[in-house]
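Some structures are shown below for you to check.
One chain, subunit A, appears in both complexes that follow, with subunit B as partner in the first and subunit C in the second.
Let's look at the complex of A and B:
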């Protein structure tokens, strides 16, 4: 079988030669010569730089919002979790499926990376992955997997936090939130955080002050997590980019776990399914008790 | 002959700094030093010498955060006996910053210009004047750093008060300034028998005449192409030892006003939004160019013979999408030649 790199380059070249595409997003080698970074190819020549391997960690669907108003189509290289992010954007009517070409990659898992520091350790999202094939694609590259990995261990770390007392949980999060420098890299890397004006930037009303302090930081992370409830597709980019290593996936996957248990819903699996928080059914119980 | 301090005496000296020694330093000093925290190394105020990390590459955030903190209350305004009272905070005691790297010490020297040129920033000025910098020479080059291209070196003592260089079981000691000499007063130094410090050679970047090259590359489409992958988070600015942009807001509650200053970044959307809604740099390319032009061109134009980068490499290491200032400097030089 042809290499992933070649299949992606061939398709990207074809799309860019057609004249209907403004750009194709994929990955190229980073300046450390080992890891990968996003590449936006505008010409068939630039498409020769595309690569794909276990270090292509970025969720490129995050950039699709920037192309929303472009008349031409765009192409995107997407891992299975990234395709769920694309479904989220389609479902929320942020992007037009007909102007998008998805090169879906059935991936073998992504390794933890830092600049100049590729590892052989599988990322958390891959360890807890339940869908190793793209849920949406126009071209599939890579080996389609007929079996889904067991997702039993998906929430073991979340359950461990749930098992703690309220005081312990508060202590745990205060310790992590006190380190936050409010660079907003978590928001900026997130597919779901596409608001034109984020609540944290609003001045009137002022939801969160500019002080970088435990109270403000807690409000920031708590509200962001709730805004992603039923929407987060667990690509875990927020945790990867955090320069001070705040375990944000615990918050996001707690809400994902609740969504699964209460509504049997997982975001981004199918763009045509309306998410629980976007529906109201007559006779539906309010609250989560009984 | 080189003066040296044994590791044991060094620890005793650091311990001693925190407690009262002289009448003038009756309270002892605040000691800020690198410590391990959640798997990272950060500068923190310490109360135990045992917490200090002596072997580290560099910290996640630069020590600028102790002179220009991420959040700073500039003053508090309140009512007292029917009259307004303005309270400005001051340092409780003098401080010692232990373990600063030469790149970060250069960073402070650079931001001294915007903060200390008259009218000086009172908060920054007090912290600079009342803090003694004890430098620690690098014994290894980080893969991302390039300090020798930016006017400093792994053992550069120019911007600290005392410089320490690991030398076998001891540290070589250079008392650079009077402030440094005062801090070493009464400390049992010895003469180094032999000198065997490590030779550290960071990678080079073609930074000569980068300002004029930036001018030539200024209108290039290049900036918006680099900005394509930028996610416009503030990491590069926040880990940088030089970036000094901030935002100021007033906190009001129960008849009290606090004026608060927090870090901001030119990369953030809305950073240049003005009253009335106009935005000077509304697109990503303009914001991307701003950060590099400020460092490589504007600082020099404004202050003369100054580049706003120390080669610490933090932005290279922590950028989530690999926007690499070394690659940008290379590309800008190439564009300048082609033009």
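Let's look at the complex of A and C:
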């Protein structure tokens, strides 16, 4: 069987040679020789640099939004979690499926890259992953997995926090939020955060105070979590890029868990399903409490 | 710079008796932007209005806050004062210090005063952020669509047409008339149903302002009041209605016989047929399911296995005007209408789910509508009441009321309203058809609200000897040629057993098939039983939440003929009033989209219950949402779901709401 790299390179070259494609996004080897970085190939020659391995960590679907109003098509190398992000964008009319070519990669899990030091440890998202196969693809490379080994413990850490008292939870989050420097890296890396003007940048009305302080930080993270409710696809990019290590995925996966329990809905699994925010079905539960 | 005037109304002692007006005025004068604070005994009175106007002019105010009753009461009055004083009417905020303060906190005057000050403070903060708004004027199409041509739709169409406006009357069945055409006599006067209905049917057919579309269905409705775009499917009759003279030779000679729906399954009809002799229009239709030639056409191309059907075409051969048109296809008509009257009527409860009544398996247990067809001289038995099993005259008849009504277990807890009366009517007619008949009626309550109704029901018992037994039936079973009816007489407190020749089930009223789907295409709301919901059950009985769409008759809930006729007329009056305007003005306090902020996720389009949001492509190729101001009802769902805050409700913008909240927390 051909290597992943060759399959991706062949397809990318073919797409770029056809002339209908503006760009193919994927990964290339970083300068450290071990980890990977995004590659935007515009010419067939550049396609020769594509690689794929367990260090291809970025969710490239984030960049699709830049091609929203482009007349040409784009190609993208997508891991299973990235394909869910693509579905989210299709559902929210941000990209046209017909102008997109998805090279789906059946994923073996992604290794954590610490501060410049690649490890042999699986990332958190892979340890809680419930869908190891691309949910959307035009070309599939790699082996399809029949089931996810990590599905059972998908929400174990969320349940642990849920078990705590309100005061404990408040203390937990206040401690984390007090460290936030409001660099907005979480927002910049997020597929769901594509507003022209983010609420946090607005001056009239001033939704969030400009001061970097625990109260303002709490408002920022809470509203961002709510804006991602029913939309977050758990790629955990926000947590990965956070320079002060706030466990943001706990917040987002709590909302994902609620969405599953209340509405049997998980974002990005199927682009044609109306999200729970936009519909009401008879017999739906109205809340988590009594 | 905002120059705000605060006016506090005493409302006699309604407000002043609880809230300290001087304290509110004192506090108001210190609020930011407030130039003057004044009070009135009654702000809504003529001297009160004149005072407000004078103060506005003296102090050159440009914003006004009035602390008074609920804005639902007098906001409109005060807006007119604003206009008279030369200000935009939307530079006004009403602080409700009566219903929300003085009336509910009369036991604590101090706290009530503090709350009144808060209310005024919130309004002052909001009014400073108010923007001038201007209503839009849109043209309207003075043409009405009436859906459903039962007695309600017929009445509505006739009344609108007589007011001089063109009407299109759409009916799903091949003839107009609806359920009333199936009835023999009508309570409480026992006049012949056809005799009073058919003149109206003919009038509809002949009225120059009415376009009649039978065997047609409304498929798609879009647009808004004054400008609805409607798609109507004219189903293929396979008969050219322009050529057909209604001579009847085709259905006389058609060899195929199928159970007649119009006769509730009693007797047969042909595969080319008119439902009843007085049908309007008197143009037959070919039943595509049962016609032999259609079956042959379907068989031929693929030679599907099975016996080759006969290629009959007798109707075509005998038709003197060659009206048969086998090539005819469904046709889609697209038209513009200014108003729509929905009068889709009802259907009767299907008693086959009721095991205790034989579950539809006992031939001599029939429904009220079946008995109605037997009474009718053009019905399946030629006007004779006969047992379906052996064709003999029944001598003992049991009538059971509340079948599919007031029955929570079967999900029909409501009263169907008409059954008590039609059961009484049927006991009278049974006795008149055959004086030897003895009727027994099992009932829960006898409900006869209506002019001359109670007298009529008493006559059934006293003059016609119907025996009324209060109680439910537990079981009906066959014993030889007779039916044994087991029940209880709850007044006497003992079980009853009656050997009957026939049992008539007074089946209740249900929402018509497809009513909920039709409601959804028009974004009308319906209840759990699929009956359409009116705008207000008492004060707006024929209006809906969608302007320009009216509901009438039994599609809203069980109704008798007089009520249906009254509602049809009422809906027509509303349509005529709407059409008396040359242009429609739309309320400017609706949602609007900021193109620069909109990200085109179109979640707003999905949540809008009124289909008021559309998309537009900007010059840079970006797709964004755009609000149709005539359709928007300012419900506030779209601003709530909009993440980038691109949608705002005019008059309740995010800036205004946040200003209110900030005012409270300072």
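Keep in mind that, in the parts below, the second predicted complex is superposed on the first by the 275 of 290 C-alpha atoms of A that agree within 3 Å, B and C clash if a C-alpha of one lies under 4 Å from a C-alpha of the other, contacts with A are read in each partner's own complex, and residues count from 1 in each chain.
In this text, a residue touches a chain if its C-beta (ideal position, glycine included) is under 8 Å from a C-beta of that chain, and two chains touch if they have at least 3 such contacts.
As the structure is a computational prediction, the values presented were derived from the model and not from experiment.
Undergrad: In the superposition on subunit A, see if there is space for subunit B and subunit C together, and answer fit or clash.
TA: In the superposition, subunit B and subunit C stay clear of each other.
Undergrad: Let me test your reading of the model: by the given contact rule, A:92 touches which partner, first (subunit B), second (subunit C), both or neither?
TA: second
Undergrad: Once both structures sit on chain A, report the angle subunit B, subunit A, subunit C from C-alpha centres, rounded to the nearest 10 degrees.
TA: After superposition on chain A, the angle is 130 degrees.
Undergrad: For A:172 in the superposed arrangement: first (subunit B), second (subunit C), both or neither?
TA: Touch status of A:172: no partner.
Undergrad: Tell me the contact category for A:274 with respect to subunit B and subunit C: first, second, both or neither.
TA: So A:274 only meets subunit C here.
Undergrad: Thinking of the overlay built on chain A, is A:194 touched by subunit B (first), by subunit C (second), by both, or by neither?
TA: second
Undergrad: Check whether A:205 is in contact with subunit B, with subunit C, with both or with neither, and answer first, second, both or neither.
TA: second
Undergrad: Looking only at subunit A, is it subunit B or subunit C that touches more of its residues?
TA: B
Undergrad: Once both structures are aligned on chain A, how many angstrom separate the closest C-alpha atoms of subunit B and subunit C?
TA: 6
Undergrad: In the superposed arrangement, what residues of subunit A touch both subunit B and subunit C?
TA: Common interface on subunit A, subunit B vs subunit C: 197.
Undergrad: For a test of understanding, state which residues of subunit A touch subunit B in their complex under the given definition.
TA: Subunit A residues touching subunit B: 30-32, 35, 37-40, 58, 62-63, 114-116, 176, 179, 181-185, 187-189, 197, 201, 209-213, 237, 240-241, 243-245.
Undergrad: Show which residues of subunit C lie in contact with subunit A when the two form their complex.
TA: Those in contact with subunit A are residues 596-603, 606-607, 620-623, 641, 643-645, 654-655, 658-659.
Undergrad: Which residues of subunit A touch subunit C in their complex?
TA: So the residues of subunit A touching subunit C come out as 68-69, 92-94, 194-199, 202, 204-207, 227, 274-275, 277-279.
Undergrad: In their complex, what parts of subunit B are in touch with subunit A?
TA: Counting only subunit B, the residues touching subunit A are 37-40, 60-61, 70-71, 143-144, 225, 228-229, 231-235, 238-239, 247, 249, 251, 260, 262-263, 265, 268, 270, 316-322, 324, 326-327.
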